[in-house]
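Per-chain residue numbering starts at 1, and chain names A, B and C are given in the order in which the chains are listed.
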Amino acid sequence: MPTELVLISTLFTGLMLGVIFSLVAAGVTIIYGSIWMPNAANGQFFLLAALALWSAAVSWGLHPVVAALLVIGASVPASLLLEQMLIRRFYDVPNRNVSYFVLSLGITQILAGLFSVTYGVWSDQFQIPPLMAGITFLGPFPVSNSRLAALVTGVALLAALFALLRYHKYGRAIRAVFQNRDAASLRGVNVRAIYRLSFVLGNLVVAAGGVLYAFAYSFDLSVSWSMSITAFAIMIIGGPGSVVGAVAVGMVFGFTQAIVSAFASPTVATFSYLGAMLLILLMKPSGLFAR
Amino acid sequence: MLEISGLTIRYGAFLAVGSLDIVIGKGDIVGLIGPNGAGKTSTVKALGGLIKPAAGRIAFRGRDLAGVPAHERITLGLSIVPEGRGIFARMSVEENLLMGAYAFDGADKAARMRRVYDLFPILAERRWQAAGTMSGGQQQMLAVSMGLMAEPEMIVLDEPSLGLAPIVIEEIGKALIRLREAGVTVFLVEQNATLTADVSDRIYVMSNGTVLHHGTAEEITRNEDMLGALL
Amino acid sequence: MNRTIVAAGLGLALVTPQTAAAADQESVKVGFVTELTGPWSFFGTACVAGLKFAEATLNPPGKRKIEFIQIDNQTQPTQAVAAARNLDIQSKVIALSGPTSSDTALAIYGYAEQNKVPFLVPVAAFPQLTKPGTRYSFRIEPNAAGWGYAIAEFVAKQKPGAKIALMHSDFALMRAISAGLKYQAAKKGLKIEPEIVFPQGSNDATVQAAQVLAANPDYVVVVGAGGFDNTITNQLLDVGIKPEKIIHPYGMATQVKGWGKRSVGSLYGTFFDANLDTVTAEGRKFIDDFKAQNKRLPSYVENYCYVTSQIIREVIDADPKAGDDREVFRNTLSALKSKEVTSGIPIEFDKNGARKEYIYFMQIQDVGEVEYKSKPVFTTNWDPEIIPVYDLVK
């Protein structure tokens, strides 16, 4: 019975973390794949969503579901505004990934500073009221329904993202832009509009990741850094611009953390990431699912 | 159908195309041949709106294309198959064909797809295969098919024979002749003079960014010395 | 504020030469470098909130004026040192105080010892702040290895030979607590199993909670960093660990609220709590005023910063020269024998500036929006060097 308990809890943890990692890494890789922006600020965007959810659900007292929809919805105008003010100015710069990286580091600093002076005071108190009460037993392993709901929602979001990219006209256009932007343009794809769409979609997915994380875990301001590094590592291993790669490697990361921390220790789990990353990059420097 | 006059393209100080004039009538198959670096691909890019010409005018069906962004040109009936085929390697054949009709929301895509499958039956067999994993000839067929999914007034093909075996080139040529029968204007930009001469009504010979010769296919092929020196 | 109570609270060892001249003198400046922004700002701002209430009664008429100069160290050691240097050289403060994190406190410690500036640390538990040879630094909060010692004492009394599961984040503070706990547990015949260390940046403890449940320990000592603390606690409770088995080495009001109603029955360590009977009248007033203004109860962090202000007042009052001479200030502080005005707990420093240490273990009884109820179940005090803290934690 104890073995089964540890086994099922390991599987659940792997899934839960994997789904969140996958969402964030997918968001990051969508933005990189289309506009070549290695968004170092992804962790801060992730945290922003979690903090906004906390404010909406705890400070304003909105129902958690309403608050979650509000936050994810608000990411759209916020992304559009940022795209309009900053991001699009670089669309014609040939080596814009470097410019973007520096720009996103700047955004990281600004947001980190802002969070520090605004939310820092409550840094030990970021907990979202549960989505729903009660627990469900997965075999001998009890899971709070709230976390289960977060997991199911995350899986549904990933499925929706895949469906969008595979079957929807605009999703196909995003992939076309990833693969060959001149050719896409000749086929009638408004590449700049797809850039904007990718930026909005990528951030929306990152925000959704932040919201689900906040439902599944308590968090503090430091989560932005670890998430940022994790998402980058996943993107690099999966192959920058590959959503399949991001999701596959995100899941592997989630399960690695769960399994290694169960059978070795949480500290070893952290190193196993880096070890896996180095090993894979040694064998395939362009990433597993690189084009 | 297409009128290019005084087209000039510069990359910084480098003059890629200097004052180019080409006229293509409706239903024609017109070839543009020339050696590497003659400015052919730059001309195609300018047609597609991917680069801005330094001077000159491109008019398609009487309309000046200067203010028309790249992605809107296909809706005017100008379908361009770029050099390197412009296919989406990680998409299936069918997805590529759907991308070919991307700009035509109301169109009966299934019917268009049937028509290109008629033209290149091998593509129907491979419809679920990732485009990048097919042979070069099949990829080229897909590229032409993508161009046709727009049911264009005019199709521009940039180097369709590049890297293909003679037997495959022949098949592409046959398809081009069938296009003409269907009333599609074809602008064939090629290094391969034989293929071009076989299918074209008229041929422009280009070198160093300008037109050297212009005539019917027979006139040009008769002047073999000039062609030999050029290509 | 009721002056008689202040006097009673301050009183005792103080025979203050109050003259009209004292009030006319230039004010005594104390540099207060704390965490107003950055990851530790929830501690620093809590501290400043506590200090603010003490400042209201800090300067009664007829006494030399004491002025705190507050500077934000952004929770960065380099900023803390820069601020300390500025306060020393530019503002010519008589003493430094303020940090609530061991990292910033250690940074200022180096500066203070080297430049002979008295340094009174309100809240920072890393043992090395009062390592042997320390001369100018004094610390109000007991050291973290000592808390671990106290946990072992508590558990040994509750259940001899008990098995303790230990789960903690990999930060200096938590390492110090577990070092003390493991040392004393071995002496008391307690078993630590399993011990699970979470690296910085950990986010999930589900599997570890399941492992702890499977190991069936008598107590679970759990301390995570920041938001992770709530995550571990929730996940332990989720898998079915009884709250009565959970010991949090330290708990502030905000933390208790975070653990929530489901943690009723859990235990936490503290050095000042609104639920203690020993709170003095002044302490009670502090609690009520603080609660009215901040919509929560104050805890030991707020209290220690309040007490910091009291101690400085007492030093200046004890020897008028202490306001102008750092050596005198240091010597007066070192010799001070007083009691916290808020709790009556003795304040006395050993040769290294460490305090006679103590802790309360409280059991949570109810958690509400503003207040929570808990009752003390164990208290102990000890000499800072009852266990070799400076060797256990380098």
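Annotations
Methods note: a contact is a pair of C-beta atoms (placed from the backbone, for glycine too) under 8 Å apart; a residue touches a chain by one contact, two chains touch by 3 or more.
Protein identities per chain, from UniProt: A = Branched-chain amino acid ABC transporter permease; B = ABC transporter domain-containing protein; C = Leucine-binding protein domain-containing protein.
Since the structure is predicted, the reported quantities are computational estimates derived from the model, not experimental observations.
For the pair chain B and chain C, chains touching both partners: A. Counted by C-beta pairs in contact, the busier of A-C and A-B is A-C.
Rounded to whole angstrom units, the spacing between the C-alpha centres of chain B and chain C is 77. One simple way to say how far apart two chains are is to compare their mean CA positions; for chain A and chain C this gives 37 Å.
The centroid of the Cα atoms in chain A and the matching centroid in chain B are 42 Å apart. The part of chain B that touches chain A in the complex is made up of residues 48-50, 69-75, 79-80, 82, 86-91, 95, 98-100, 102-104, 146, 150. Looking at the complex, you find that chain C touches chain A at residues 37-42, 45, 74, 170, 196-204, 206-211, 213-214, 225-231, 234, 238-240, 252, 254-255, 257-258, 260. Listing the residues of chain A that touch chain B in their complex gives 169, 172-173, 175-176, 179-180, 182-191, 291.
Every residue of chain A that touches chain C in the complex is listed here, in rising order: 2-3, 5-6, 8-10, 12-13, 16-17, 113, 116-117, 120-127, 135, 141-144, 147, 213, 217-223, 225-226, 257-258, 261-262, 265-267, 269-270.
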